[in-house]
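Structures incoming, each one as structure tokens.
Here come two complexes built around chain A, the first alongside chain B, the second alongside chain C.
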Partner chain A sequence: MIPACRLADLPRGEAHRLDTDPPVSVFHTDEGELFAIDDTCTHQDASLADGWLEGCEVECPLHASKFDLRTGAVDSPPAKLAVRTHEVVVEEGVIQVRLSAAAPNPPPCVAARLAGGPG
Partner chain B sequence: MTSTSLPDSLIATLPGSSYKDPGIFAQEQEHIFETMWFCAVRSSELTKPGAFRTVEVGRESILITRARDNSVRAFFNVCRHRGAKLRTEESGEVKRAFQCPYHAWTYDLDGRLVAAPNLTKMPDVGRTEFGLVSVATREWLGYVWVCLAENPPSFEDDVVGEVVGRLGDAESIEHYDIGGLAVGKRIVYDVKANWKLIIENFMECYHCATIHPELTEVLPEFADGYAAQYYVGHGAEFGAEVQGFTVDGSEGLDRIPGVSDDQDRRYYAITVKPQVFINLVPDHVIFHRMYPVAVDRTIVECDWLYLPNVVESGKDVSRSVELFDRVNRQDFDACERTQPGMSSRMYAKGGVLVPSEHHIGAFHDWVNRRLGAPRP
Partner chain C sequence: MVGASLAGLSAARSLRRQGFDGRLVVIGDELHRPYDRPPLSKEFLAGTLGEADLALETDDEDLRAQWLLGARATGLDRAERAVRLADGREVRADGIVIATGAVARTLPGSGSLAGVHTLRTLDDARALREELASGGRLVVIGGGFIGAEVASTAHALGLDVTIVEAAPTPLAGPIGAAMGGIVSTLHGDHGVRLLCGVGVKGLRGDERSGTRVSPDGARGRVDAVLLEDGRSISADIVVVGVGARPCVEWLEGSGVELDNGVKCGADGRTSLAGVVAVGDCANWYDPRAGAHRRVEHWTGARERPDAAVATLLAGGAVEPGVPRPPYFWSDQYGVKIQFAGYAAAADSVAIEAGTADDRDVLAVYRRAGVPVAVLGMNQPRLFTRWRKQLAAAGS
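Right after this comes the complex of A and B.
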């Protein structure tokens, strides 16, 4: 489990980005639910925590693909691959994230960097 | 002929080059339009957060919008990354952000840089520091005024002060509640003339009896050539048989309630340098904004403003619009007729101003001071 932040410090409608590798973001929806997904859009290196949160979806701030916070699925191009979702629990007022064991779907430039290429 | 040899009745105008030299126009852009308060858009055009207009102010493109809190914001329409123009349309609406179409640098409605490719890998890039560069704004008379100067001059002195100088006080214009009026008609004129010819034309009425037969019919004292903007606080009185400020002198629209009895049946004209003309009559306000785009070309956007219920009820405003639309076309035709003469060798030293135009000399002195060249 990775501690993210205190629940009290994450207002509804906002996101908190964890500087993990790859980075993960926790979203607190307007309805009060908490979700964690990979922070990086699968199309290009953009932070979804900087995106636009609406209901249970976050829209990438760069090219408007929307990701479902519950499943990680993407609604429309340019992103084609889903982001991973991660388990979230709140213990003693602190948001904790349990990272998924699945393989991430980083965008091409990040994937190239992870593979040691130019990035 | 030099100015020193002129008879007492005449004073010299600016030289012809002042109206046709692109280098002088560039100086005016820098020292006048990019330095002073500039009336940019009608506030009501920015209907909600994200609605925007782009306007050319001097040599700069400015993006004017409303933030989430409904306040007006203005920015240089230039991406901080590689300088691409953010929006090329004259008007439009964004949902939440301005995004550069080149590399997708994305700015919120406050101008803050909210996203860019690889931005999280560059934590040292300040999102405010590399946000859009803002421009000072003020809202007055229902218009958004912007100032590109780093330290804007006092709005009260420069803008409100011009109105006070003409009407004698600040309250008189408030009687017309210009901010609360609605746009009944807008006409945009593309005038092939230097902006100063248009200002000079607006400042004098020596031409009125010759080119404005309809206006002179409604305002008989204009025939003497002196009226217009000569006497502080004076408004030209409607002719005795005239019912309203319309093309045929027929009845106008509903009188603006705040207009006082001594303002009734009178016409007031105000120039707010460098690019605004305001005409006040009891039932409407005619508000001109000039956008000088080249040394020999000026776009003039003119709004006819009426009480909101007049516009909403669809009352026929055409006869009142037609009066000043004709005046505008008559004036702009005269300015376009004058523009080619500015390049004549005969006009190299300029022309002359008769006594009823001598106050235009003060405008010329003002232009020269702004450009740092005192009148010889």
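Right after this comes the complex of A and C.
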């Protein structure tokens, strides 16, 4: 489990990005639910925590791909690959994330950087 | 579905999602399955994305559609409700979605010179990419978004680039003169020459080959762009980026009312029952603007088919929602440029975060104090907050 932040410090409609590798974000929906998904859009290098949160869906801040926070599935292109979802629990007022063991789907530009080593 | 690009594909998906279970025919004049156009002037042109990356369909997607690709629509028969194709075939339908898009405008008389390009389709991008690979001097005619993106990509590929823009400031139409001036400083920052306020008189062909006519009718290869003030700029490659016009000639005389594209209501309906139009060819009534607006943005082609398909399936019985403000983006020299709303409606524009010197402005456009548009340069987080706020304010 990785501690994210205090629930009280994450208002509804906001997201909190964890400095993990790859980064993960916790979303607090307007309806009060918490979801954690990979933070990087699978289309291009953009932070979904900066995106447009609406219902159980987040729209990438750059190219408007939409992801379902519950499943990680793509609801709208240009992205084609899902983001991973991660388990979220709240313990003593602190949001905790259990990272998925699945392989992430980084966008081509990030995948190329990873393949090319550091830098 | 007449048109097999983003708007046509989005309409096909909407139809299936909204429960349409009947026969679906998608007609496309290009031979390619639906692909994403924005990367054509950026990552695809730069060689960092391949053709497979451009596909809009996912591997496991099955829309149960019949695809007629490489088939150009030449007419719409109102009585039969049928679409006529260039090869003589006819496709009858109960409902028709017009999504024929737009084509790049050209310069009169420039078509037959080798080395002169427009950029709209995958085939255009392949041809330009091949030419850019041999380097040299590129002149881009038009300082709009396509021109600026091609200049940025070509500069990164090592070409010597000059942009010629007829208006005093590039991008004044879409984002206003003040911000157009700031965004277009990116060219100078990177050593790309930007000539403004001067029109193009014509293109000059290569002297040596100019008298020879090749089998395809070409009059040799371009070697200079001639400006109206008498200057000439040497060029090995020319890209003409002077906008696009809607592909609606095929509808003339069909009974579908045309006015800067297909004239549509706020729900995509045309003047013919059972016919809707979406994407770059469609001039929708925009209740926010109180006027018809033909929007050539990716997001419009993606979002509006949902409403148009609902209209088609309900036979016009649905109340259209207020659409989000128009949104587009551009990437130039590594800077993410984003814009939402209506620049032309504004009477003031103020930089709310970042600075012009740092090329990271977040600018808000207002009319009588009310925000009507927002521009961001490398400000995705703040920009999205403003964009969301604009949408909430108008709905």
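Quick note on the criterion: the second predicted complex is superposed on the first by the 116 of 119 C-alpha atoms of A that agree within 3 Å, B and C clash if a C-alpha of one lies under 4 Å from a C-alpha of the other, contacts with A are read in each partner's own complex, and residues count from 1 in each chain.
As a convention for this text, a residue touches a chain if its C-beta (ideal position, glycine included) is under 8 Å from a C-beta of that chain, and two chains touch if they have at least 3 such contacts.
This structure is a prediction, so every number in the text was calculated from the model and none was measured.
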item: Room on chain A for both chain B and chain C (clash or fit); value: clash
item: Chain B versus chain C as contact partner of A:H63, first or second or both or neither; value: both
item: Which superposed partner A:S76 touches (first chain B, second chain C, both, neither); value: second
item: Which superposed partner A:D45 touches (first chain B, second chain C, both, neither); value: first
item: Touched partner set for A:P108, first chain B, second chain C, both or neither; value: second
item: From 8-16, 134-142, 170-178 or 242-250, the chain C stretch with C-alpha clashes against chain B; value: 170-178
item: Common ground on chain A, meaning residues reached by chain C in one complex and by chain B in the other; value: 46-47, 50-52, 61-63, 109
item: Residue ranges of chain B touching chain A (in the complex, touch as defined); value: 96-97, 99, 104, 106, 114-121
item: Chain C residues within the chain A interface of the complex; value: 6, 36, 38, 43, 48-49, 53, 55-56, 58, 298-299, 302, 327, 329, 336, 338, 380-381, 383-384, 387-388
item: Of all residues in chain A, those that touch chain C in their complex; value: 46-47, 50-52, 61-64, 74, 76-78, 80, 108-109, 112
item: Residue numbers on chain A that touch chain B, as the complex places them; value: 17, 23, 39-40, 44-47, 50-52, 61-63, 109
